[in-house]
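Sending over a structure as structure tokens; questions will come in a sec.
Chain IDs A, B, C and D follow the sequence of writing; residue 1 opens each chain.
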Amino acid sequence: MQLGMIGLGKMGGNMAARLRDKGHEVIGYDVNPELRDVDSIAELVERLSAPRTVWLMVPAGEPTRNTIRELADLLDEGDLVIEGGNSHYRDDRVHADELARRGIEYLDAGVSGGIWGRENGYGIMVGGSAENVARAKPIFDALTPEAGSGFVHAGEIGAGHFVKMVHNGIEYGMMQAFAEGYELMAASGIVKDVPGTLASWRQGTVVRSWLLDLLVRALEEDPELEQLRGYAEDSGEGRWTVQAAVDHAVPAPVITAALYARFASRQEDSPAMKVIAALRNQFGGHAVVKKNTD
Amino acid sequence: MQLGMIGLGKMGGNMAARLRDKGHEVIGYDVNPELRDVDSIAELVERLSAPRTVWLMVPAGEPTRNTIRELADLLDEGDLVIEGGNSHYRDDRVHADELARRGIEYLDAGVSGGIWGRENGYGIMVGGSAENVARAKPIFDALTPEAGSGFVHAGEIGAGHFVKMVHNGIEYGMMQAFAEGYELMAASGIVKDVPGTLASWRQGTVVRSWLLDLLVRALEEDPELEQLRGYAEDSGEGRWTVQAAVDHAVPAPVITAALYARFASRQEDSPAMKVIAALRNQFGGHAVVKKNTD
Amino acid sequence: MQLGMIGLGKMGGNMAARLRDKGHEVIGYDVNPELRDVDSIAELVERLSAPRTVWLMVPAGEPTRNTIRELADLLDEGDLVIEGGNSHYRDDRVHADELARRGIEYLDAGVSGGIWGRENGYGIMVGGSAENVARAKPIFDALTPEAGSGFVHAGEIGAGHFVKMVHNGIEYGMMQAFAEGYELMAASGIVKDVPGTLASWRQGTVVRSWLLDLLVRALEEDPELEQLRGYAEDSGEGRWTVQAAVDHAVPAPVITAALYARFASRQEDSPAMKVIAALRNQFGGHAVVKKNTD
Amino acid sequence: MQLGMIGLGKMGGNMAARLRDKGHEVIGYDVNPELRDVDSIAELVERLSAPRTVWLMVPAGEPTRNTIRELADLLDEGDLVIEGGNSHYRDDRVHADELARRGIEYLDAGVSGGIWGRENGYGIMVGGSAENVARAKPIFDALTPEAGSGFVHAGEIGAGHFVKMVHNGIEYGMMQAFAEGYELMAASGIVKDVPGTLASWRQGTVVRSWLLDLLVRALEEDPELEQLRGYAEDSGEGRWTVQAAVDHAVPAPVITAALYARFASRQEDSPAMKVIAALRNQFGGHAVVKKNTD
């Protein structure tokens, strides 16, 4: 089928390519002139035949909000917008309401798979009405690994982004579990072959997983991770998962610990640990590490 | 090759069967007369041709220690004992020293794969000398999924059980990550199809893994896990991982949180939380839940 | 000075009493006719001489919001509202803006001290302009333990409730630290006199604190806390602290762990731990605790 | 009464001074010739009248073990050794057994109070027999803040060091709670007076405590803690508390998080977080921070 794709970066560009490979017609727009087929969203809308389907793959927050507003003005009743970026699940309700005032339909779609998705297919999690899901099914089928798998209609508006958010929270926890295990093996002195141990786990063990495959791959390139600093950004989704857990009174110690480890990794120095140092000095006369003596 | 196997329970029995399927001769002993080929360890030793190889697959602690002692008396110089149970990595040193006094060789082997190992093969992680590893290689090759994979010679004596221990620690963290994500989706109200969402993640997503496959399988049998109580034992290995992390000053918040969640799951009531209730009552006059009114 | 107090419950009632003891004139309104001096907020406003000062001590959220709106209609330019309840610090901005449109001044005040405050005085943390703080200073002085202590002007609008929120987050962490230590001593078997140990810590040790005093007091009444269940509610402020930490990328593992322990204490059964049980059963054939066999 | 004191460092020296102030006769030995009254432990034993009481205040582990052995040779039946250092509670059993073979009595004593103890008195927690406790009571009375307080006979051999260990674990949790709250206030932007806020909490609030007093004091000297690095050692007792919690299946998330925060504070770079960076790079093509570009 025919699809407009707004946002042709690392994710959107690969998705458009996969859709074209599978025989769909994709007309793409991006702020970067080198990536795009049309020069404006207005032109994109014009080029699509009604009822149109437009997939958004732009950064969450302001950029997505603004594009939704622009589409609300340009699209016609019965057109369908699929927000495939990383919107907060509560914003989906806002987007859907804004478009509904003009009779425009809305689906939210969480997309997983990273840069490997073009080749392997993506995991797609969708929120919205069954009618709209059915309408966009050919697109979902082309994006997912094989027809029928890697896809879920998770619930009403927002449910797609909610489960994608939880997926990312789980991902944080799994990554941190491997990270802690790696550090413990490396620190133990007893393990002579850490990369080989991880590689051996790819078969037959309980922890076999795609993340393990990736870790093995990273260690093949840099066996002691000497090229990297222990510094990790966090996307909004880890934070949102923790905040949703707090909202619903769900204990989420593992996901939260993984998030906090990332926060800490980005601190030059820890104000909290200065307090610990100050207190130890106060009550115990413990030596402290002064800034300038270090 | 020929192998003596002591302990023919869920793990040892399946391993013996897999080894026989692959053409090895296994003579087995177990405390349960219905499972064994010989009626005593002495008879087992007698039946094996020197230099012998004996694989131990009995419960960690006392039973393993006693069997090692018995073998130290029965075996001859040049024989090889492989401790494949869940011994603590520090006990391996003790076992190896005890056997070395009689000239008996020792390897420690961590085995992963659970009840699926017979069919899929096991992950095997070994500690000890390269000579002994080479000597037992045919056995390792038969147990692992395919020759060359699922196997690592991790280091000297104890390294096999150390990495198996860490493997289990990571497993705890991964399981807890899925568990928290599941609970959050179930509590959210917004996700209408939790089992379907998890099933969709098996393809294309970052969290795809054998544990996810198993969770999907469990939910196919019992979609809301109504048959189960939220009660989880812990094997020693999760505890040892945390204690090793503390010994080596390695922060392991995720693995530890997963362990503590299991501890808490087994408490009828929490003494710690009684203290919280008592304090809230003291300073705030907050209502507390009394035992007998509940 | 003269003060209108809206909300005469456990906190507001005691504060009004303390203010009167110190010579201030308090006119009180409460939804409960038995507690109040006037029958409506309108009557309260009428009874106060301009420029008026009205202290709010009603539940956070809807009740506070509604009272602010009513006061916006009733008060005159130059009057001052002090929101002393547990409003979220972001709501203070909304309240202040709403009142400012009528020329009415606003302070937010976090109040600590619980039911002991009437006797010991309260800790008061205030956000807003220096002018308004100066104006209400006699009230603050009467409420705090002694002139000059137990009081801080923490910053602009919202700062009072922000630091009160953090205060409560710290309180959660401290309480949980004592709770864990208590449980460990009780579980150890080696400690014959847990209440006596805690009592001994009140003098000379690093952990001496008001919370310890209260714990000792609770154990005097019920030495094994047999009358209580390990069940703890959480006020909004623990949750807000964690969410603020996440917003500001501040690792807060201790405060968060304390919050999650409360969440867990309120669950009849843990969906997350059902997942763990299900997974252990899947991969290891581990026995699980079935609902109906328990 | 008369007491031999071995170890006259920061703790032992102050304790000896306090005991002398209270009228006791203290004969002291230390490896440092400038601090001691006698030149050897043998001379110390000679100078004391039987039945002797000797208080040990030397570093835990090897030094304490060696001193116990030396005393076992030098002391006579009926003499009493009080181990007041930071021995692991399991070592107390070993010490007591070694001395018991010669008929020498043993008490273990946990001591809290830091450098402030000389002036304020110490918290003393003792394990051992009631007879031995009664015998040394005059010493305990002189060390504790006032007769009858700051002292507990916690249980049999080891109980004194066990509860001191738990005390320190609780201390870790309380310190970290303040540290997190401090960092959150400092990061918020909304709190203009963090030291003033903390100072105000000393009166009337739930978190008032000696640790808060010390933090306020530290901030008076260095209001933004600019002189310090966020680097904190841990004594063995925090680690032992976590290991004891794991041994007894007691969830201790707060105490453990506080310990891990100290571990992390001492890492130049985190191997675990390198793994996170490597994984993010693998699956998402996320930019990573390379070592040499930093």
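In the analysis below, a contact is a pair of C-beta atoms (placed from the backbone, for glycine too) under 8 Å apart; a residue touches a chain by one contact, two chains touch by 3 or more.
Values in this document were obtained by computation on a predicted structure and should not be read as measured data.
J.: Going only through chains that touch each other, how many steps at minimum separate chain A from chain C?
T.: 1
J.: So, comparing C-alpha centroids, which chain is the farthest one from chain A?
T.: When every chain centre is compared against chain A, the largest gap points to D.
J.: Give the pair among A-B, B-C or A-C whose set of contact pairs overlaps with that of A-D by over half, matching residues by number.
T.: B-C
J.: Angle of the rotation mapping chain A onto its copy chain B, from a C-alpha fit, rounded to a multiple of 5 degrees, please.
T.: That rotation is 180 degrees, given to the nearest 5.
J.: So, what's the distance in Å between the C-alpha centres of chain D and chain C?
T.: Spacing between the chain centres: roughly 33 Å.
J.: Could you tell me the distance, in whole angstrom, between the mean C-alpha positions of chain B and chain C?
T.: That gives a centre separation of 46 Å.
J.: Using mean CA coordinates as chain centres, what's the gap between chain B and chain D in Å?
T.: The answer is 37 Å.
J.: Multi-chain contacts only, two chains or more: what residues does chain B have there?
T.: Residues 114, 176, 178, 180, 183, 187, 206, 210-211, 249-253, 257, 260-261, 264, 270, 272, 283.
J.: Would you pull the chain D residues touching chain C in the complex into a rising list?
T.: Contacts found on chain D: 89, 112-114, 117, 120-125, 127, 144-146, 149-156, 158-159, 162-163, 166-174, 176-178, 180-181, 183-185, 187-188, 190-193, 196-197, 199-212, 241, 244-245, 248-255, 257-258, 260-261.
J.: Considering only the defined contacts, which chain B positions touch chain D in the complex?
T.: Touch list, chain B to chain D: 206, 234, 239, 242-243, 246-247, 249-253, 256-257, 259-261, 263-264, 266, 270, 272, 283.
J.: For chain D, which residues are in contact with chain A within the complex?
T.: It comes out as residues 10, 114-116, 175-176, 178-180, 182-183, 186-187, 210-211, 214-215, 217-219, 222, 225-233, 253, 261-262, 264-265, 267, 269-286, 288-292, 294.
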